[in-house]
């Protein structure tokens, strides 16, 4: 499926600078509140930015405000998921992409580690079983 | 009936009907008044009657100092909610659009938060006026069912408008429909009650000013 | 029918004269009220929203605190009739009441209409007469612009025709028509006073002088209570060289018809003035120091007799101020005590004579101080509009005066000046009642006192 | 995506119990992280908060593919077009792979008798379990059925027959939900909405002209996930998507609140992106998710493109006044009516006034002069 960017559109002149509609700051204060919660009670929060009534430029503004942190990660499962720590420790941008690299969802996660980065309990037991099998086979061979 | 059907009913046929009753009734009332005429005045005038009449049409917006002293509540509250009503009616953007579409004339409007605040004050003013009407010996003595009726009709228009603006009634088509319905009730009731004073007060003021103006007194 | 066509309009049988008092009836009263309905009345009644502000302008309400004295309430019978018969809504309601079984539907109360009954008119009689001087102050403050006083005057027509007007005013009207004076005063009495004036001033008082510039009218109350007026007038006119005359045919300026509210009686009385003036061929008629007389002759008279006058009408104060402006009055010395002034309603608010009396005061008063609310916003003395001729209203009259008294106390004058005999009497009696030692003088006398002696 | 729609081989009878979604994902080698991601995306799709993801995961784990029969009546195929332009093929495919779209005459490969046969078979095999999706309105029972038929069967008959054994009906698009354009004045075909006809089965309306693709799949996902119908508003629309008005979620709302409006499409206000109320925006009365979910994969939506909301997800929006007239403007020409009524008023008033005037005149004629003599009688 062609993405909208593939449609040949010629823009004459410089595109106007995106206006800022003032919806970034309320989200930022929501993030601050969530971070306070995480610090005090250890309770993580996820914010679906897709549900925000963002106007053009609002998302860029929010991202600029959040900045970039130390960690960048990528998860490859059912398409890519980009995970970026912001300049504020504990505040993560999680962008879910599909196999065509189109965004499926954009979340902010306020947590020590984003959930998706952690190894999942079910996978752990599978991994243990797999390792056992591997070891047994190797020992047999040996 | 769904909220949307209700809104369409109030915006469509009911609005047309209310407007028709209003225009017919009001003009009938006004013409009825003027048709009664006045006896010819044989007394030599001291001043200009017409000029006095026109001046008084405006002058009665300013209360005389004595009345203000005697009834400050009436003057202040009355002024506030009347101005508020007119501001909300004529300077709220949706109303300006409505007037533009109906009469083809338009004028600048006020920002919504201003109209919102004015409406809130007007509602409080109307409540205060009602309490005063119930409490003040003269007002209570004079008041008839009709007085309370026109208060209610006026209050309902303002209240439903304010609730609709703040989207406190859901869904919105219901809120807007209720407001329009209240306005239609107001329009229909107007020509047949003392709400006509909105228009006839200027006629009355003119006659008052003309009667006194002829005698050389600015009333 | 044929008759009616042959004699359109005017010549309906004159029914009053030979009929008994029984001819006053509800029907006749309602008919009189119907006659009075006009566009202003309709616009006034359409506009009243019962705010009650007129009450704050009425001395009778202010001093009694009784809501029934609210001015607009005094017009309730007239309003009911207007609504029933002069609005299509009222007529529709009436038709519905007649044609539909409203009681069955439980709507009878909703469309119930009050009826104007004889009892109602009787109940309203004291409201329209005893507690209203037709001072017109309410007409000045009504936010929607109702001229309530205008309607009170009209409502009284209905009261007279229905037989619900006060005895005192009826008596005054009868005396005025029958004797030429509401107090039954005859020319002979005046003649004695004229002689006295001529003796004390040494000046002639012209009588029945053809072609004089001014015909001077008097009021009976002046003749009896304030004989100084005629003397002052004689001196001033001599001083200013004014050509004037009294008329033996008609000396009375007051008009009980205006007060009781009968345009017929008013016309009869005004006609006498007009006849006298026309007979003598005067250019001007002077109304004396009396409020309602001026209203009667100046404003209502031409309409009562349904034609314009061939002469002009002035209040004496207007004439004096004119003479002053022309430099024909030379005065010397000034009163050195603190003087304040009461504007008669009929002269100031209802006739626009406001500045003139102040010009004259400047001529003769060192220390003149106006009451706080004066001119068109003055407060009534409480006695006008027939209240002083209505014995039943005595208590209310004195109650209403308290507002004036309070006003006077505010400025603490040594004396009060006024230019209406009724006001003057009320001020004197009222101040005495409250043991306030503030004498009241007429402005004309005050001027006369300061005339420069002729060489 | 559409080509991926599964078609059950002709003539095959009801298969053995299908695997749950969880089982089929694992069988396809999707990791737990992949599943988590799917749940996060699904939560977004269903307009649920991300915190619902674990519940979704638990539900999806045991979800089974339902059979879906899609009926298209008086429609423009816009709704199907919208659906097939969904932006997230991965999630989309997973959802649609999971449902069994047994009949959709635009998308299915089969035609003619075979297609109708597929429908009947699906109805038979999944009696009481299958979902019916309808797009388009249909001529009502009293209208001429000839206005719209499929395979010689009137829309009405087909709907009633198909719905008889359905678990629920999803009316997709404003035509199916409310009658839409076919029902607009003067409604020549006697069009009615699905909910006007189906009274004994739950009807979920997914209105919009067309509805947001994510909303269509979101509703399906919700049914698939939780196996039950979502919470509905008074028009039977899922509250998750239709619970808030465009106005309340509009990024231009602050301009409305400040009173900053575009008054023409090319003025300063329009360039600055101010509120479009005066240009006819029906956002305040329109309940839909455009303001947050947006169109074309989240690129933009009408208001962001500078066009006022037409209110397409509301009943009778075609007849609700001009698209470019402010919400407060009533439809129809009030001015002429006002003039006519005013003229009538003048006539009535003149009549009444003249009557009243003649009353004062006749009163004056009947005037009996008050004389002193008769007054004297009173004393």
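Observations on the structure shown:
Each chain carries a letter (A, B, C and D) given by its place in the written order, and its residues are counted from 1.
Operating definition for what follows: contacts are C-beta pairs under 8 Å (C-beta built on N, C-alpha and C of every residue); 3 or more make two chains touch, one makes a residue touch a chain.
What you are looking at is a predicted structure, and each value in this text was computed from that prediction instead of being measured.
Across the assembly, the mean Cα position most removed from that of chain A is the one of C.
Relative to the centroid of every protein C-alpha atom shown, the closest chain centre, again from C-alpha atoms, is found for B. Judged by contacting C-beta pairs, the busier of the interfaces B-D and A-D is B-D.
In terms of their C-alpha centroids, the spacing between chain B and chain D amounts to 40 Å. One inter-chain figure worth recording: chain A and chain B are separated by 58 Å, centre to centre, where each centre is the mean of the chain's CA atoms. If you average the CA atoms of chain A and of chain C, the two centres end up 92 Å from each other. Here the spacing of chain A and chain D, counted between their Cα centres, is 33 Å.
Residue positions of chain C touching 2 or more other chains, listed in rising order: 37-38, 42, 86-88.
Residue numbers of chain D whose C-beta contacts span two or more other chains: 348-349, 352, 356, 360.
Chain pairs recorded as touching, per the definition above, are A-D, B-C, B-D, C-D. Residues of chain D that touch chain B in their complex: 233-235, 245, 247-248, 256-261, 277-278, 284-285, 287, 314-316, 319-321, 325-332, 334-335, 337-338, 340-342, 344-346, 348-350, 352-354, 356-357, 360. The residues of chain C lying in touch with chain D in their complex are 9, 12, 14-17, 19-24, 28, 31-32, 34-38, 42, 85-88, 91, 160-161, 163, 167, 170-171, 173-174, 176-178, 262, 264-265, 268.
Chain contact summary for the complex, chain B toward chain C: residues 28-29, 32-39, 41-44, 46-47, 56-57, 60, 63-64, 66-67, 70-71, 74, 78, 136-144, 147, 150, 191-192, 194, 196-197, 200-209, 211-212, 215-219. Of all the residues in chain C, the ones that touch chain B in their complex are 37-44, 46-53, 55-57, 61-62, 65, 67-68, 70, 72-73, 86-89, 139-147, 150, 298-303, 306-309, 312-313, 349-352, 354, 373, 376-377.
Every residue of chain D that touches chain A in the complex is listed here, in rising order: 1, 30-34, 36-38, 40-41, 43-44, 47, 49-51, 53, 87-91, 249-254, 272-273, 291-293, 296-300, 304.
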